[in-house]
Structure formats: structure tokens, C-alpha cells
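Here come two complexes built around chain A, the first alongside chain B, the second alongside chain C.
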Partner chain A sequence: MGGSGSRLSKELLAEYQDLTFLTKQEILLSVYVVLAPHLVDDEQQARSGNEHTGRPIAENTDSSPLSTRAHRRFCELLPQEQRSVESSLRAQVPFEQILSLPELKANPFKERICRVFSTSPAKDSLSFEDFLDLLSVFSDTATPDIKSHYAFRIFDFDDDGTLNREDLSRLVNCLTGEGEDTRLSASEMKQLIDNILEESDIDRDGTINLSEFQHVISRSPDFASSFKIVL
Partner chain B sequence: MAQPLAFILDVPETPGDQGRDLSPYDESEVHDSFQQLIQEQSQCTAQEGLELQQREREVTGSSQQTLWRPEGTQSTATLRILASMPSRTIGRSRGAIISQYYNRTVQLRRRSSRPLLGNFVHSARPSLRLYDLELDPTAREEEEKQSLLVKELQSLAVAQRDHMLRGMPLSLAEKRSLREKSRTPRGKWRGQPGSGGVCSCCGRLRYACVLALHSLGLVLLSALQALMPWRYALKRIGGQFGSSVLSYFLFLKTLLAFNALLLLLLVAFIMGPQVAFPPALPGPAPVCTGLELLTGAGCFTHTVMYYGHYSNATLNQPCGSPLDGSQCTPRVGGLPYNMPLAYLSTVGVSFFITCITLVYSMAHSFGESYRVGSTSGIHAITVFCSWDYKVTQKRASRLQQDNIRTRLKELLAEWQLRHSPRSVCGRLRQAAVLGLVWLLCLGTALGCAVAVHVFSEFMIQSPEAVGQEAALLVLPLVVGLLNLGAPYLCRVLAALEPHDSPVLEVYVAICRNLILKLAILGTLCYHWLGRRVGVLQGQCWEDFVGQELYRFLVMDFVLMLLDTLFGELVWRIISEKKLKRRRKPEFDIARNVLELIYGQTLTWLGVLFSPLLPAVQIIKLLLVFYVKKTSLLANCQAPRRPWLASHMSTVFLTLLCFPAFLGAAVFLCYAVWQVKPSSTCGPFRTLDTMYEAGRVWVRHLEAAGPRVSWLPWVHRYLGENTFFVFLVSALLLAVIYLNIQVVRGQRKVICLLKEQISNEGEDKIFLINKLHSIYERKEREERSRVGTTEEAAAPPALLTDEQDA
Partner chain C sequence: MSHQVKGLKEEARGGVKGRVRSGSPHTGDRLGRRSSSKRALKAEGTPGRRGAQRSQKERAGGSPSPGSPRRKQTGRRRHREELGEQERGKAACEGRRKRDERASFKEQTAAPKKEKEIPRKEKSKRQKKPRSSSLASSASGGESLSEEELARILEQVEEKKKLIATMRSKPWPMAKKLTELREAQEFVEKYEGALGKGKGKRLYAYKMLMAKKWVKFKRDFDNFKTQCIPWEMKIKDIESHFGSSVASYFIFLRWMYGVNLVLFGLIFGLVIIPEVLMGMPYGSIPRKTVPRAEEEKAMDFSVLWDFEGYVKYSALFYGYYNNQRTIGWLRYRLPMAYFMVGVSVFGYSLIIVIRSMASNTQGSTGEGESDNFTFSFKMFTSWDYLIGNSETADNKYASITTSFKESIVDEQESNKEENIHLTRFLRVLANFLIICCLCGSGYLIYFVVKRSQQFSKMQNVSWYERNEVEIVMSLLGMFCPPLFETIAALENYHPRTGLKWQLGRIFALFLGNLYTFLLALMDDVHLKLANEETIKNITHWTLFNYYNSSGWNESVPRPPLHPADVPRGSCWETAVGIEFMRLTVSDMLVTYITILLGDFLRACFVRFMNYCWCWDLEAGFPSYAEFDISGNVLGLIFNQGMIWMGSFYAPGLVGINVLRLLTSMYFQCWAVMSSNVPHERVFKASRSNNFYMGLLLLVLFLSLLPVAYTIMSLPPSFDCGPFSGKNRMYDVLQETIENDFPTFLGKIFAFLANPGLIIPAILLMFLAIYYLNSVSKSLSRANAQLRKKIQVLREVEKSHKSVKGKATARDSEDTPKSSSKNATQLQLTKEETTPPSASQSQAMDKKAQGPGTSNSASRTTLPASGHLPISRPPGIGPDSGHAPSQTHPWRSASGKSAQRPPH
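Here is the complex of A and B:
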């Protein structure tokens, strides 16, 4: 990574490595994924519309030269005043671009994920660091604690700090599909939510708070392996 | 849920509530203190921005249906208090997160000599010291908390601080600023008097060591990941089929690792020396015809592939003839390499290492997948944890939604069924069908075993079959066909029986399949060690058994290919073209994994007789990976049944350990201790049993001098004496028993704590309702007095203070 063209300074990279659960390769790769895909379009290297054959980069994850090169090219193409990576990394990427990433495209929670991780005031775009945060939480090595914290925030659709019946029914609808014919019937939904609250609402206040949620999650060994996005 | 809700709804509206004198909250007093606080707080909250107002409205809108009956404006104040309770703010507010982590850091510092707390917070409710009277943390207070946190972080070691920061659910920018602030100049850090003196220093050191090891592990892991050739393939499988099918391929990878380890040891200590000092061949090498690839006989016979090729001499030593190698005195020129001893100990050590690794990974997997109380709360777990975020394909995502919907509907139906139990007659019929199907399946297994036995006896008796090579392939073919066909039969039978739980169904299918495979393998083992040894007097029976295992392995692979071709490809084409069905055949994970376990058992059985068998198995597994992957992507779809991936991988590891590995180990132990090795070939040709090699060596050592006399002593008292074995097993049993008791005690504590939590919850509801009724009355009074309603903000901390006091 120490080449002259690489502008992602070593200190910054080290800091990112220290503060996230990502490896160096993953950070470089996400630089590429967030900021550079349109540049590669020019090179006719980009992923095609096809869902699986079009990811040349995923096959080359182990060879960082590609992502390094991508970042270098990205920096070359930026206007002179934005050459410094610090400023280019602060650029906000709109949700549409993030949502069209193949890793998120099929996910019913994609909007919620973006909203939870967005730090911009209008909650409509992700900065590069936000994206790193997202990947860090969904990475292999993130602790179950932090994973369940963010899962709770993703499921908390109205951002009020607890999962109430409304949140739960929206969550179930996301899981079963939003369509008229795919969602559960009203009585089934009511029964299901009653059961969920019965099982997990320990203090009986009618909602599930973070600790109750984490208590449920701690009983499911599969959670940590399924709450994962492989870049 | 229904009961407490009724309780909640009732209390505020009971008219008698107002005149209850027994209540510890004296009405006027509470009223007064509330009013004071309300006035203070309303000034505070008046300055707060739009966000709060919006949140308040959201809260009002959403919670009204759940907890409280919509009662207009009166309940908003109470709801606002509810929304700002610590247990709820922790999920959204930055200040609450900061103070939670402040508390954790303090805890960490206080007992830094102890290990870190578990991964999960015991309670997300931070201590109330930091929750001064506030509704939502204002910027100033947040600043204060942050500085407190920074101060705490400064007192930690750098690595520890980074570790803490990494685990905080804050955004990266905030983490960076925290880190920037908590960075201290080195001198100052040194000068600071440690809070706990030497002890904390020790703790810090240990912590740093643990962290260093951890980061080393991470580096190794990432290096491994970079080297991993199947990353993309696995990602694709996971993206298209989810964790369940992925677990099959991960299991395959685990097996590959086990075989690689085994092969490494065998090549380094048995094959390498033997190749370096090749013995004289007994005759000209036979010409290869191509059929050997299937039979493993012919030109393969006198190679390093099989036991018979290995010499019984001490290598690396100028000795006379290789036959009386055991008489060579050791320590004459260079390091002696006693081949029989090396052969025996390498196989033994590699089995021991495999055993340790297996047991370790099994224990680890158990710890991961079985948690106390994991059986309850199935609805909540299904809803919260069943989405697989790895899935990247639209189609797969829709399929997953379908599966989850079916699963939820099944769960609800099951739940209703449990609440309306079935009639006695129905239960009896179910039990009868269950018993019948079990009987039929066991009968099938027994029939297969008998068929194998009869057929193998026939093979021994028919003299014309011995000469032809192709005839050798008949027994493996028959066994392979039985192995392939019987599970299908069991599956058809299983379709008859009604099962309440789909998970149980999977377990039952695995169990039956396993019994079948065990019966067949047990018969074969008897056939090899009990019958063949006697029949092949004067020949090298070890070579024959090694070849037989090779043939079984190859035939297993061939039949698996055919099964993939016909069971998946052809079936898919038929069901698409002829039956016009849209569903592709499902990938049967359990059966496929059991086939892998069967193949691995064959490999372990054959290690002693054919040291290169792990290499064959590695090649086979590599091919299987690609064949199965291709077939899966083209022909199959994810299974409809819910699949608890981690539970299942634990079960598979257990099966790999318990019947498979242990069975192979018992087989080999019997062969080593009890069976006389053939006298014409192999490293043990002059000995009575293979274990004699060890005894001979010990006797040599005894003769060599007093310097190593402890070794024979160890051998005599620990190896030969049964008392030591008894002692070890008794200790082991004691440890297991103690562990069971500890778990039982912990379970009791969990029950008590749960009870306490629910009591506290009831207290909370009681207090909330009290507060609610007071508000209601106050508002009513005010309305009657002034006429205009003023929205008053509410003090949350008062409530929580009282509650926790």
C-alpha cells in the first residue's frame, strides 16, 4: 500500500483499522466500492447488469492492487482542490448509490440500514466513514454486542428506542414480504406479536427494549453468522 | 401479555384510586414535588429543538395503541416520561450510549485484573448517577459525559482503549474524536499513579497480552482469508442459498483441513523417510492397465501407497540385511530411524492430534450453539434472527421470505395445536405409525448388514473371483448401492409419518441414516479383521484391506457423481419439462453431510493400512466441492425446512467425532493390539502384534543405559498398568459432573433473576400508573381552574429514582 500514488494516508488507514472491525483489504475495497465504481465504468471493467458474473472485484479481493489502483485513479480524476483523501472521503454518497450495491439490493431492510448508519442531518446520504461503520458492524469479527445493538436500531422503525407493536408488525412484514398476498393475516399477526411479547418482554411494559432484545438474541447462536454482509 | 395489559388499563381509571390512603406516595407531597420539578423542567424543555417535539409526536402516535388507551393530550406527559426512561434512551440516544460505556469503563478499570465481562451487557440500563434530571441530554450535559468518558479512557492502556472504542456503537467520526481527546502524552501517563499498583499493572499486562494474541489471530485470519481460494464461491452459495446450504460446504472445508493435517504428518514421518531409503523391490513392477485407478491393486500394490511396501529396518544406518534390522544397535552413525516405531507412533500421534482437534472444535461449537434457555422464545428468535443478511439475490431473497412466512405460519399453527391437545385416539395412531416406520427402517438397516455379510462370505468362498481384478469391485459396488438406495427408502417411509416439529424430522432422518451406515461399516470391519485375516494366510492381508478401503472410497465417489447426475440434474429436467413444476429439487443437506462423514470414516479406517488414503480423500473432496457447487447452482434450490445452521453443524461435528472417529479408532486399536500382522510384508513382519514394536524399543532403551531409565518406567507404570487409565477416567467423570452441577446452579440463578426482573417490571408499571393518574387529576384541576391547557413537561428522573431507590 505504500506506493506514491496511494493517497489514503497510512495514519488514516491505521486509524480506521484500529477503530473498526475491518481488515486493511476490506477498507481498501470499500473505498473502491463506495467511491470508484463509476470510474471503472469508463474502463469497461464495471459490473454488468448481471447479478453474479458482474463482480470482477469480488474475485480479486485477495489482490489489493486492484483496489489500490482504483483508489489512485479516483484521486487522479478528482479536481485539484479535492485531491486530499480526507476531503474526498468526506464526500456524501446518496442512498440510491448505496442501495444499488449488489450486497444490499435484495435486502428488505436496506433503507433502514442506510438510515441507521447515516450521520448526515437529513439522513439521505452516507459518508465514506458511515459506510465503513456499516461494514464494520456487519463484518466477521464484530462483537455480538455491537451487532445486536445495531440490529435493534434497524428494527426500531420509528426510532423511539423500543420495539413496540407497530415496529414488530413492520418487521414481520419485511420478513414475509410486503405484498397483499404474502403478508400474514391480521389475526395471525396479532397472535404472533402477542407471542413475541410474551416471550421477550421481561418487564411487561408492552414493548421490547434494547436489553430485552439482546437477551433474545443471545439465545440464538445463528444470529452472529447471519447478521453479516460479505463485501 | 394480556393480563398485565388489563392491569395497566384498569388502574388509572379506577375511581377509588384517588382516595387510597395506604399508598406510600402521599398525594399532596407527590403533587408538590412534581409541580416544582415540572416547573423547572418546562423551562429547560422549552428551549429544546424541534426534534424532541417530533419524537414526542411519534411516540405518542405509536405507543398509544400498545400500552395506553388513546386518551387525548393527558397521556402525552406520561408517554414522554416513558420515552425518556433509561431503558429506552439507550437504544437511540448518543448521550446514553456514552454514559453506558463510561460505566463499563469504570467497571473495567476497577477490576482490570479480572477478565472482561461477557459479550452481552447484563443490563442496558446505565447507572443513574449520570442521569440527572433531564429529559433528553442537552448538548452541555453530553459534553460533560463525554469528558468523563475521555478521562476514563485516558486511564486505560492504549490497546485496551482502542478495544473499548471499537466496540462502541458510535459513528466513526465520534470514535475518532474520542480517541483524539483521550490520547495522552506519554510522560503524563507514566507519572500517573496506578490505581491498583502492581496488581493493576499485572492486569494491564495480561490484557495487553490477550489483545496482542487476539490481533495476531486476526492478522492470521485475514491472511488465511486472503489465501482462501473459495471465498467467492462460498459467498455466492451463501448469497443464493443462505446459511443452511453453506454449512455443508463449510463442513467439507473442515474435513479437508483434517485430512491435510493427517496427510502432512504421514508424509513427513512415514512416507518421506521411506522414499528416501527405498527397499529392494520383490520383483519387476507390473504394468498399469488403468483399471487400477478403480481397484487400487495391480501396479499400485508395491508402492508407498500401502502398508506392505514399508520396511521393518532401522533406516539411515549401515546395517546388514533389512530383515534383521531390529538387531542393529542404535546410535551408530547419525540418527537412527526405526521404521516400525515411526510407523506406529506417527499413526498414533496423528490420531491423537485429530482427536484433540475434533473434541476441541466440538466443544467450541457446543458452547456457541447451545445456550441456556435456548429452547424458549422460538417466535421471537425466528422473527429477530432468521433473516440472512448474506443473501444477495432478488430471487433468493424472495425465497427466504417465503420460507420465513411458512415457518411463522407453522409456528403459529403449532402453538395453537399445543393449546388444544389432540385426542387420545389420534395420539395412539400417531405412535403406532411412528413405531411401524421405525421398525421398518431398523429392519432395512439390519437387512443391509445381513446382505453385506452374506455377500462378503460368498466372495471369500468363491475361488474364481479372487484372480480377476474386476471382481474385486463387486463388493464395494453392492455396498455403495445399498448406501445410496436405503436412505431413499427411509425417506419414502418418513413421508408416511406425521411429525409435529420439522426439526425433529431432520434429526430422525439423520439418526436412521446413521444407523444404516454404522450397521454396514460394522459388518465390513468384522469381515476384514475377523475373516480376511484368516483367509489370507501367507499373503499380505494389510495390503488387501488398504486396497479394499481405497475401492470403497473410489466407489463412493463414483456413486455420488451418479447420484448427483440422476438425483439432481435428471430429476430437475424431468420435473421442469414433464411435470411442469416450477420448484427445483431441494438440496438434502443432512444426507449429503452424512455421505461426507461416511467417506471420512473410511479414510480413518484405512490410514494404518494405506498411509496415502488421506491424499485420495483430499482429491475426492476437492472434486466433490466443485461437482456439488455446479450441480447446486444449476439444479437445486434451498431447502424449504428451517435449518438451524449452527445447531446442525454442531450435530455433524459430534457425529464425526462420536461414531465415526471413535469407531475408526477402536478398529485401529484392535488391529494394533490384537491382530497378528502378516509375516511377509510391512514394518511389523517379525512381530506378534504391531504394538510389540513399542515394547521392543522400550527393551532396547532399558539395555541402552540408566540415563533414559525413566522412559521404560513410565511405559511400565502408565502404559501397561490399568490403574492409571482408571484414575484418569475417574477424574474426567468428576470434572464432567462438577460442570453439570455448576450449570444447574447457574440456571437456578437465571430463574431467580428473571423473577426479580418481572417484579421490577410490575413495580414500574405501578409507578407509571400512579404518575399517570396524578397527572390526569392535576390537568383536570388546572383545566377547571384556568381553562387553558398548558403542556407541562415531566421529570423522568424522579420516577426512575424512586423506582431504583
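Here is the complex of A and C:
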């Protein structure tokens, strides 16, 4: 823990605090959650590899634990002592690992959340900074505006900038869970989506766009309090 | 196929829009560029001018050709302009970001999101170039900055600072935020120093340094504060298992603990500790001594447990305090402090409750509107992201599904009537039964309190008889709510309504019980007050006899009567304090025992007997207990009410309450995690939060009443407490003002207390309330009107757009023409608004626009018939049905730009 904290330079930490709604402790905690296992393990491995065998460390990455990618990146970047720290923060953590966090485990939108916050081109992994973004948006102090913005993007399953009927039905399916008994029937689904569009689709184009969404959300008394994840 | 068409449509429309937008400021910009940059800035700043700005930037990049003769002359200016440009770009960027966040309908519908993101990136790339160059150039000429430049830089620096401050609430990925932040910081650091002059420079730098330090300190302090919040992990654990509603109880409990800690600090620091340190020691005067009759039993545990004996004659209770005006070498005015602390306990509680209520309501704006969005709220805000436990998640799925189904059924059969007479009859019956219950419980308490007064007169009463009141009250509190719930099943209400009724009834029960208790207590107090006169006489008589009795050697002065032997009054204040103390303790015990028996033992039984039982205990009848949020919250609130009422008569009560809250935090956390299951149907936390606070405020007010009544209108006991010997308790105020303050202050106070001043003040307050109320009403009306207007506007625009979209799709080959025509029209209108002298440059501008628009340029020579659909593209011509409406948006757009005043 302390190790990971000291590894994150003070300036970077201050910048992260400027840029997120997180406190120092939360940032350090998320360093720990996302990276520290690798930082600790890999660094020890890498060090020992360096000292004892002297061979390039990039080679010993053929084993495939969850952390392979992070491991490899870390090892590649190790030689420059100063740079390695910051760069390792940019290491990509695959979705599986993020999804297995207890905070996200039970969330029906976990894949969506990861996709929305991922900045990697393949959209299959989160960097540490993406993860910080995620936590910042879901933190207690984040503004309702940014919360609703990201909520919209999470609900927008096909990433086309509006919530159409397809998105809404997938959203309903997410909310009602996988079980057969809790699924809504087709007619119920239609009725429900009709009602939602009736309420929220102000310009009557059959879809809900971001501003309409935020209009609705801003009226909701308990959105901001439930749209949060605490690490 | 349809997709493709749609895409084409989209593209075409985007193109049109972009061109249209770029059209109008283009010309105007060129014209006004040299004349005033401010105007350009304004034009840029208006939303929806992105295209224009972009193209302008492009030009700005390469505009001063190397061979230009004006180059040298304008070198300085150019640099300045670039600074401005950059700033403008920033402003525009800012505007766009805001638009992104707030997402004006226009932008949203005009172009999909992704398209928008690309230009943004381009922009940021492009921005870097001029910035760096400007940095370099200004660095070279940094020594001699004119006033104007200084002002501009200052403005920019301010803007950057604002950007830094608001960066965190921008929906960008972290990498972008980081680069932006670094750039902005670099800029600020670079130019901050250049702003001051001479001596001012150093001062300015110093100020900046201090500001930075202050920010850092604040942040560290905030970090520290969050670290200090207790039980964060426990509550988080509960949150993830049970959702936010159960956690809201624990957060409420924690908040309550904080409030009580403050009250505890007030009372202990200002009353109890001074008394213990500086007051007269135990046994020095009668009120601080256990009477002779009680002495032998005074240390028995059973006596102490009832707060009699030594506990009764300790600093925990009102009666122990002496009425000496000042105590100790500090000359601490204890009676005054006692009174002020009693008042400030209420004052602090009122302020803190109202403040937290206000901060809760700030977030939610439209309470009344929530009915309009029932389905959307269910859809978008029903998931509780805090849930981290799969079992809870399953429950949540189920409850969301049922709520969906319910609301669908509600919607479908909202007018369905069942046997309304039967329902009505059952509801009336249920209410009748519950009122009977309430009256019965009230009478029972009254009866018991009366009986306890008789018991108190008798000797050697049993344990049960002594504690009858508390036991009966706790039992009533334990058994009545389930009874109400059973009765409420008759009513067949919707569960949400049912819950409200249930809460209201439990509240009424508690309140009724509390007030019956108080009334009975008040009776008792009056009785004691009536007896006081005789006791006073007896005391005087005893003392008189003692000192004047014969048979004592007259030469030696008689030693004073031992304080334990002095007969004394009943001290009703201490009696009241003891009642509240007992009530609190028994309430606590009953709560704990209920948790142990009702939750823990039940859970153990269900868990372990399930292996050898006929039916499935876990799923079947006993099952596990749910955490009873409303009951627990109400219990906590009423307990707090008792604390508020009792703390004036028993300063130690708050200490006991702090202990109680502390233990119940740990105990209930443990119990809820070990033996409760998540709720099947949950009411949301935040909405109920203010509800709790409202109840708390009501209880606070109700508990303020009896205390205020006793302070204002009952005479204090003659031989105990800090106010003994006075006519009323508040006389201590008057006494202090008269004796300790200079006379003119006393006069001022007397003047302030004059009814002639108070009544106008109250009137003024009423007027202010009335005024503010009417202002807020008119504001909300204006709000509603604005909303209606927006909706109407949007719908109009939407219909136009859809019509136009159809038209464009039908003759997609004509779109370039139509778009160019579009631009023409705008240019025409522009021409009308711009002064004619600028026409030359406008012509140049047209050339610069290239072949795409030269077509349109040639058309500008046509008469101003552009407004009319004469030059309609041929494809649209035959379709006369669409034509008039099709031109509408253009006309409206051009009309708008025409309306814009020439800057």
C-alpha cells in the first residue's frame, strides 16, 4: 500500500485530485485495487530477474495470468526508473479483472460502464486513469450533470448518441435481471417503452437524446444518491 | 437500405447546417475583423457558430502571407490577436463543452455525438500551434507589455484558472484532462508573474504563492476530514449488502451521533465540568447530600440502577447544582451558564436540523413534477449502483420488475373500480380500530403514570411497580406497530401509500404516548409544587428549632445541622430528569433485547433448525427478519426527542445517549450483517432522508414546547437546582443583565424586550415571508411558462426538420445546390445588415470561398427574392405540398440573423 502511494509522484497525485472528485485516499486506494498487485508482484519478479539472470525481462511473459498484459508493459518499461512509475499507471487492465471487483460484480451495467470509460482502441481494457475517471464520476461529490452525462452513455447501448427503443428494451432487460420469471413479456415491454417515450421524449422523434435524458434525470430526487460506487 | 438513406440524410443535413452556420459570420467576421476584435469575439461566443470559427481559425493560421506589406506594422498586433484568438477558441470550446453538458437540443439533434468529438480533437490540436507561437513571441517582447495586453493576459489567466477549477466536471477522458490541465497551469504560471508591475509584482507573486498554498492546505484538510469520518467502511459494507435505504438509517444514526457529541461537549464543557471542578463538593450542603433516610441503601445497585441514591445527588441531575451566582476563583457564573446551555442545546439542534434539511432539498428541484416521470424514473434511476451483493441484486431485480409490472397495470387499469363500498367500509373500520388502539395506549400510559405516583408515596414497592411506566411504554412501542400493520392489511392500500399510513400511525402512537406521559408528569409536578409550601415551612421550622432548642450549652455555638438531616422538598426537576433517564435506558434495553431475540435468535433458529424441520424454514414461515428501517428511524427520532426534553433537567442524559448511540451503532451493524436479509421492497433512501429530518424537526419542536413551558411559567424548586430561590428560571438572565453588565446595556436589553419593538419585528418577519413566498411563486410560474415555450418551439422546429429531412432525402442530388442557396440567403440578409462600405471586402471573401460557393456568389446579384421560394431547386418544385413549409426554417434562420443588431 505505502509502496504504491509513494510510487505515485506528488505532482501527479495533486493533478489527479484536481481532475477528479476523489480524495487522496481514494486515489491511492484505487491505485492499490487496480495496479498494486501487479506493481508489487511484477516489480519483485522483475527485480529478481534483473539482478540474478540479467536477461531481458520482456521475455518471461509467456505465462498467462490475468495480469499478463500489465506485467509485460510493466516489465518493458522498467529500466527507466522514473518513467516506469508513471507509465505503469497507463498499463491496461483487462475488463475481466475490473468486472470481478466486488463493487461492480452485481451491477447489471458493469460491461457498459467499462466500455464507456475505456479509452483503449479495442474497448476491452481500462487504464488506471480510465478507472479514476470511473470512480470520479461515481463518487459522492461529482456533479449531477456529469453523472447524468455518463449515465446516458452507459444506457446508450449502441453508442449512437440517442436512446432508441432498442436501447430502452435492453435497459429494461438489464434492470429486470436474467431470470426467466422476472422478464417482462413483449406486450408489457412495449407498453413500458411507450410510456417512457411518452414522458421523456419531448421532441417526439421516437428517441431520447442527452438533453431530454438530463431533463428527466435532473427532476429525479434520488438519482445522484444511487448513482455512485464507493471503493 | 433505409439505414443508408438515413445516413445520407444525416450527412446532407449536417453539411447544410455547417455551411449555413459558417456562412453568416464569415462575412461579418471579415468585415469587422480589423475594426473591432471584440465584436468578433462576441460572434464567436454565440453558440452554434462552430463552423465559422473553425474556418476562421484556418484562415488565421495562414492569413498573413509572408509578402504582405502590412506585416511589420501588424506584427505586434498579430501576436496580440493570436492571443485573443486563442482565448476566443477557449471561450468557444468552453461554450461547446457547456453545450455538451447541458446539451442544447439543437446540437444534439443536428449531429450525432461522435461527429462532434472529432472536430473537438482537431480543435485542440490546432489550438496548440498558435498558443506556442504566441508564447514564444510574447516571451521575446515580454518586457514591455502595454496596459491593453496586460488586461488581456489577466483575462486569459483568469479564464485558465476557471478552467482548472472546473476541469473535473468535464466529461473527458483523463489523458485529455491531464494535458489540458498541464497546459493551463503552465500558462498561468508563465503569465502570472508578468502581471504586476515593480513593487506590485513581488506582492502579486507572493499573493499567488499564498493562494496556492491555501488551496493545497484546503485539499489536505479535506482529505483529513474524510479520513476522520467514522464507520465509513461499516456503512459501505451495509450499503453494498442491503442497498442505500438500509444504509440511510445508519448514516442517519451517525449524523445523530455527531449532533449528540456536540451537545455533549456543550453540556459537559460548560456545565458539568465547571461544577465538578469548582463547585462546592459533595456533602457540603443539603442539596448535594443523600438524605439520612436513604443513606444506607444509597449505594445498592438496584437503587443506583433506578437513578436514585448517590446518582440522584450527583452532577448528572438538575437538583445537584447550587444557586450561588459565581463559583470558584474563575467567578464562573454557573446558573447563567446552565440556562444558556439549555437554550443553546435547542438552538444548535434547530439550526443543524434545518441546515441539513435545506442542503437535502437543494439537490432536488422539482418535487411536484415527479408524477410526470414515474416510468422514466423507474427506468433510469431505480438501479442502486451501490449494491455489491448478488443476493441483494436479485432482490432488486425482482422489486424493479414488480414495480414495472405494477405501474403498467396501474396505467392500464387506472379507472378500474372494485367494490368501492366494501373498501371504504374496511378502511373506515381499520382507522376506527387504530384510533381505538391509540386511545387505549394513551389511557394505559396515563393510568400507569398515575399509579406510579401512588407507588412513589408507598414504602418498599417491588421492582415491577417502580418501573411499570417504562415497561408499559416500551411494550406498547414494541407491540403496537405490528398490530397496526395487521390492521392495515384490511385497508388494501398500495404498498407505498400503506407505508406512509403506517409511518404516520406509528408516529402518532409514539407522539401520543410521549405526550400522555408528559401530561401525567406535569400533573405530578403541579402536585409537588403545591406541597412545596408546606415543606418549606417544615424546613424553616426544623432549622429554627434546631438552633433555638434548649438544653445546649449557650456559650459554644452549635455546629450546623448535618446537611443529610435537613428536610427538603421533592425537587420536581430532578424527578422529571430521572423519569427521562429511566425511559431512555429502558428504551435502549428493549431495543437491544428485541434485536437479540427477534433478529438474532430467530436467525439462529431458522438457520440451524432448518436441517431437521418439516418445512423449509428459510423460505417459509419464520424466515429471516428484514431490517425495519422505518421503525428504527422513528425509534431513534423519539429517543432524541426525549433527550432534548430531558437534557435540561438531567445534564448527564446526553452522555448516556452518546453511549447508547455508540453501542447501537456497533450492535446494529453487527445484527444487520449477521441476521437480517435484504428487503424485498425498498423505499429509496434520499427521498426518505428529508422525511426523517422533517419528523426530527417536528419532534424537536414538540419537545421544545414543554421545556419552554416549564422554564417560563413554573416556579423552580426552592431548595435545589441552579435557579432555586428565584421566581422563574429565566430570572437568571435579568439578574445577570442588571448586575454584571453596564447599565446602558441593561437599558438596551429592556428596550429590545419591549413589546412595542417585538411586535413590529414579528410583523416584519411575516411580511418578509409573504414577500419571499410570492416571489418564489412567480418565479416558478415563469419557469413553467418558459418550459412550455421551449417545448412548443422544439416541436415546431422538429416538425419542420422532419419535413425538410424528407425533402432532402427525396432529392439528394440537389442538396449541394440547396445548401449553397441556403448560404446565399444568409449572405443576403447579412448584406442587409452590414454597412455598404464593406461590400468590397465581402467580394474578396466570396472569392476566397472557392468554387463551391462561387455559384452562390453569383446569385447574390439577384434581387432579394432569395427569401421567396422562386429559386427553388427543380426537384422540389413539383412537390408543392412541401415547398412552403420547407422554406420555413431557412426563413426563420435568416430572420434571426437579420434581427441580430449590427454590432
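We take it that the second predicted complex is superposed on the first by the 178 of 231 C-alpha atoms of A that agree within 3 Å, B and C clash if a C-alpha of one lies under 4 Å from a C-alpha of the other, contacts with A are read in each partner's own complex, and residues count from 1 in each chain.
The rule we apply is simple: a residue touches a chain if its C-beta (ideal position, glycine included) is under 8 Å from a C-beta of that chain, and two chains touch if they have at least 3 such contacts.
Just so we're clear, the structure is a prediction, and the values are computed from it rather than from any experiment.
Colleague: Give one of first, second, both or neither to describe whether A:Ile229 is in contact with chain B, with chain C, with both, or with none.
Modeller: Both chain B and chain C are touched by A:Ile229.
Colleague: Would you check which partner chain A:Glu166 touches, where first means chain B only, second means chain C only, and both and neither mean what they say?
Modeller: In the superposition, A:Glu166 touches chain B alone.
Colleague: After superposition on the shared chain, which partner residues are touched by A:Leu210: those of chain B (first), chain C (second), both, or neither?
Modeller: both
Colleague: Just chain B (first), just chain C (second), both, or neither: which does A:Ile196 touch?
Modeller: both
Colleague: So, does A:Asp158 touch the first partner chain B, the second partner chain C, both, or neither?
Modeller: first
Colleague: For chain A, which residues belong to both interfaces, chain B and chain C?
Modeller: Of chain A, residues 15, 18-21, 23-25, 102-103, 105-109, 119, 129-130, 132-133, 136, 138, 143-146, 149-151, 155, 159-162, 168, 171-172, 175-177, 182, 184, 188, 191-192, 195-196, 198-200, 202-205, 209-211, 213-214, 216-223, 225-230 contact chain B in one complex and chain C in the other.
Colleague: Note which residues of chain A are touching chain C in the complex, please.
Modeller: Per the stated touch rule, the residues are 14-15, 17-21, 23-25, 102-109, 119, 127, 129-130, 132-133, 136, 138, 142-146, 149-151, 155, 159-162, 168, 171-172, 175-177, 179, 182-184, 188, 191-192, 195-196, 198-200, 202-205, 209-211, 213-214, 216-230.
Colleague: Can you list the chain A residues touching chain B in their complex?
Modeller: 15-16, 18-21, 23-25, 51-52, 58-59, 61-62, 102-103, 105-109, 117, 119, 129-130, 132-133, 136, 138, 141, 143-146, 148-153, 155-156, 158-162, 164-168, 171-172, 175-177, 182, 184, 188, 191-192, 194-207, 209-211, 213-223, 225-230
Colleague: Considering the complex alone, what residue numbers of chain C touch chain A?
Modeller: 100-105, 108-109, 112-114, 164, 167-171, 173-175, 177-178, 181-182, 216, 219, 222-223, 226-227, 236, 239-240, 244, 363-367, 369-370, 372-377, 379-390, 392-394, 397-398, 400-401, 404-405, 407-408, 411-412, 684-687, 791, 794-795, 798, 802
Colleague: Once bound in the complex, which stretches of chain B touch chain A?
Modeller: 1-2, 4-5, 8, 55, 58-59, 62-63, 65-67, 82-83, 87-93, 119-121, 123-125, 162, 165-169, 171-173, 175-176, 179, 218, 221-222, 225-228, 231-232, 235-236, 238-239, 243, 368-371, 373-374, 376-381, 383-394, 396-398, 401-402, 404-405, 408-409, 411-412, 415-416, 644-647, 754, 757-758, 760-762, 764-765, 768
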